[in-house]
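See structure below.
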Amino acid sequence: MARVTVWNEFLHEKRNDEVKAIYPDGIHAVIAGFLRGAGHEVGTATLEMPEHGLTAEVLEQTDVLIWWGHMAHDKVDDAVVNRVRDRVLEGMGLIVLHSGHASKIFQALMGTDTWNLRWYHSDTYERVWVVDKSHRIAQGLDDCFVIPQDEVYGEHFGIPEPEHLVFITWFPGGEVFRSGCCFHRGAGKIFYFQPGHETFPIYHQSEVQTVIKNAVDWARPASINKVTYTTGNVTLMEEDA
Amino acid sequence: MARVTVWNEFLHEKRNDEVKAIYPDGIHAVIAGFLRGAGHEVGTATLEMPEHGLTAEVLEQTDVLIWWGHMAHDKVDDAVVNRVRDRVLEGMGLIVLHSGHASKIFQALMGTDTWNLRWYHSDTYERVWVVDKSHRIAQGLDDCFVIPQDEVYGEHFGIPEPEHLVFITWFPGGEVFRSGCCFHRGAGKIFYFQPGHETFPIYHQSEVQTVIKNAVDWARPASINKVTYTTGNVTLMEEDA
Amino acid sequence: MARVTVWNEFLHEKRNDEVKAIYPDGIHAVIAGFLRGAGHEVGTATLEMPEHGLTAEVLEQTDVLIWWGHMAHDKVDDAVVNRVRDRVLEGMGLIVLHSGHASKIFQALMGTDTWNLRWYHSDTYERVWVVDKSHRIAQGLDDCFVIPQDEVYGEHFGIPEPEHLVFITWFPGGEVFRSGCCFHRGAGKIFYFQPGHETFPIYHQSEVQTVIKNAVDWARPASINKVTYTTGNVTLMEEDA
Amino acid sequence: MARVTVWNEFLHEKRNDEVKAIYPDGIHAVIAGFLRGAGHEVGTATLEMPEHGLTAEVLEQTDVLIWWGHMAHDKVDDAVVNRVRDRVLEGMGLIVLHSGHASKIFQALMGTDTWNLRWYHSDTYERVWVVDKSHRIAQGLDDCFVIPQDEVYGEHFGIPEPEHLVFITWFPGGEVFRSGCCFHRGAGKIFYFQPGHETFPIYHQSEVQTVIKNAVDWARPASINKVTYTTGNVTLMEEDA
């Protein structure tokens, strides 16, 4: 059991009837639902809450933070971004979904222009290939799975080389995309997962839920304790030096 | 200028008229030709030569070895495989092309079942995406390029996770493939490149030649000297220890 | 709970009284003991058993194999080495201890001259630094810990660059050593851990036992099922291709 | 020949007679000197110049930027940091020296708390071990070399796991440090090198100059052209999709 906070921008669902029909209570509600079903203790937070719902207290009690944002990345307060970053370095896992690739927090942790990729609207399918079935995040999946409809994301994707590449997505339009990418920053594990355009019921799909549930298990800290080291101006280790 | 040896199994070209029409003097002759054009000092070697043309003398004088094999991997003598492996560990670069993925030497260096991948014969095109245009091997290439006809290779590919992934190939049939993969073993650099079925004129194509020429520049040792370390039973470093 | 097999050469303990005094029933008995104490189901196997105790049946029932060998690496049958290798690629974890760096199985999986390092006999201490305290294998450890007496191993160590480096050992004689190294080969996880000379009671030490217990948890496969992919000559994925 | 800009904070040399005696014209002057001697076209820039000497024009003409800073990291303007970051992503190499580990630019590119490490003042020696002699940055070096006097830096060092680890430093006081670390961000290569406390003549030492000269050759972009990709809202690749 991990303590998960699902953060969602939660604007499309209020403003766009098509999205509202798919996610009446928000994308976060659907994700929180299946994670609760998997036995996790799950809270949610959204952009328009005070401090975007990500107070120091909330983050302190969060093992894994899930991030979905799209149209309002620039509305996220820098102080909150820094707080999330510091908590990741301390050991909190972070799962960045779909358009969250362009979020301030993902850019800050990667150090690159992660907003940078090819994209176009589409109503066609995509095929997600599992490059490493032995990885914790791929448990229970087949060699590949199809998402019936999604936006297209194509390379080049402006990330540092992933430490482990778990998925590559194939699009009928000719694109490929490194769609499941693992990183470490400080004591925190970070996973980026590409599928999830808001106008399609992607987070209702079984394989996608499997990936996110697995990613929570992978990204949660190995210990409940924060990782700290004795650093700064220390005295020497060896008395006989 | 590097000293390159192009090794080719050289059986298809003798036995199959279709292949012979494309490579009348063998795949190795075409590759050697454009590498000489790039200023390299190039020799060739083939399976049916004594010691497969890879004597200790030849390897000693080789900075980068290129390997193309397909139907006769098991005919390659283990002693020669070991000799090549030792020379790679010493610093010789190795470029493994297409069906060379199943060669004894590539398996020995990777430590995995590199013969393991999806494949089927096809006469359709493939699109090679450049995942990292800043890499030495991708110089002069566009975001992606098309190879008009090739065999299909699809994931899962039984390699260790590449240290750098330079290319991903997209196939119209629904597959993706990690098609340009960099590794180090000992002091040697290793590059695997997927395109190159013998029944199509792939090594005559400009972009493919660019990749192989770049790969030679990348894989050649940084120094003409072999890399050696003082190892074994040594005395301690510090007199005051 | 994982199913662990502890393999030990078990020669020093029979031939050398000093070693026998520390490990009267063999190094494997001590390691098996504390792993059983951690709740694992543990078997042991030694060089002089038929098939070195590593029959197909034993390996089939092993989630994590631990390997200690030193003076008789060349006595290990190649057929057994291949069997272990295949089982690692299928998902079995492998933990290689101390002089096991020069074992056939570690060399086969790494693809390099892993026997190659500096060493000398010593009765002095070493300091093991934890480079990544967030790693599963470092749970419960401090910033560093001291092993009172051990043989000295120094760089250069002939391994491929580790995927994750967890420990670096410092020796008073002036050496450093990458002493806790993580790799993947196929579906299997591999961990190398340097401390453990047979003439000192190193596997009786609490921190060393913590590392090995953690490493079992890290190296065990994510699923009880073997990892397999549909590969070989397949038909194309897309009917409309 | 690369176009190099050596950036130095240049405060210690003006305020501290001990430092001034070693670097009368500044650390940058010494580094620029030996790089010019190696055939590079070298400019210098310092904190107190307008825009810290790192105008858009200067960066545009820089292939590799070298960074030395210590006591005034917080005086570096964020706009300049962002400009340097963008230029690195575009392909400019960056070499971060010694206390530059705590600079804004290194933190921004790494995404972690790179200021975080053990340290203490010392006048004792350190031993720099070459973990990978085949690396471009290690050319011409022996298995290890000694720096007679330096400040002590010890693990844990708050960096992401290096893509390649070239050096590990051993200190007589019991510390180890990952002292030569390679990273990529965007199209730019980044190298961190630990030795270099301002009160000792470290940049006058032959081996240190060799490392920095090699690092310039490694970090310079493979092509004079900036690396760009077609990204953003594109049309699909395949007309028949």
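We call the chains A, B, C and D, going by the order they appear; numbering starts again at 1 in every chain.
The working rule: a contact is a pair of C-beta atoms (placed from the backbone, for glycine too) under 8 Å apart; a residue touches a chain by one contact, two chains touch by 3 or more.
Bear in mind the structure is a predicted one, so any value in this text is a computation, not a measurement.
> I want to compare two interfaces, A-D and B-D. Which one has more contacting C-beta pairs?
By the number of C-beta pairs in contact, the winner is A-D.
> With chain centres set to the mean of the C-alpha atoms, which chain is at the far end from chain C?
Taking each chain's C-alpha mean as its centre, the farthest from chain C is D.
> Could you work out how far the Cα centre of chain B sits from that of chain D, in whole Å?
The answer is 33 Å.
> Round to the nearest whole Å and give the separation of the Cα centres of chain A and chain B.
36
> If a residue has to touch 2 or more other chains to count, which residues of chain A qualify?
As it turns out, chain A has residues touching two or more other chains at 127, 132-133, 143-144, 154-156, 161, 163, 172, 174-175, 184, 186, 229-230, 237-238.
> Using the touch definition up top, name the residues of chain C that touch chain D in the complex.
Those in contact with chain D are residues 127, 129-133, 143, 154-156, 161, 164-165, 168-170, 174-176, 178.
> Quick check on the complex: what are the chain C residues that touch chain A?
91, 127, 132-136, 139-140, 143-144, 163, 172, 184, 186-188, 221-223, 227, 229-230, 237-238
> Show me the residue ranges of chain A that touch chain D in the complex, using the header's touch definition.
Going by the criterion above, the answer is residues 85, 89, 108-113, 116-120, 122, 124, 152, 154-156, 158, 160-161, 163, 172-175, 183-186, 229-238, 241.
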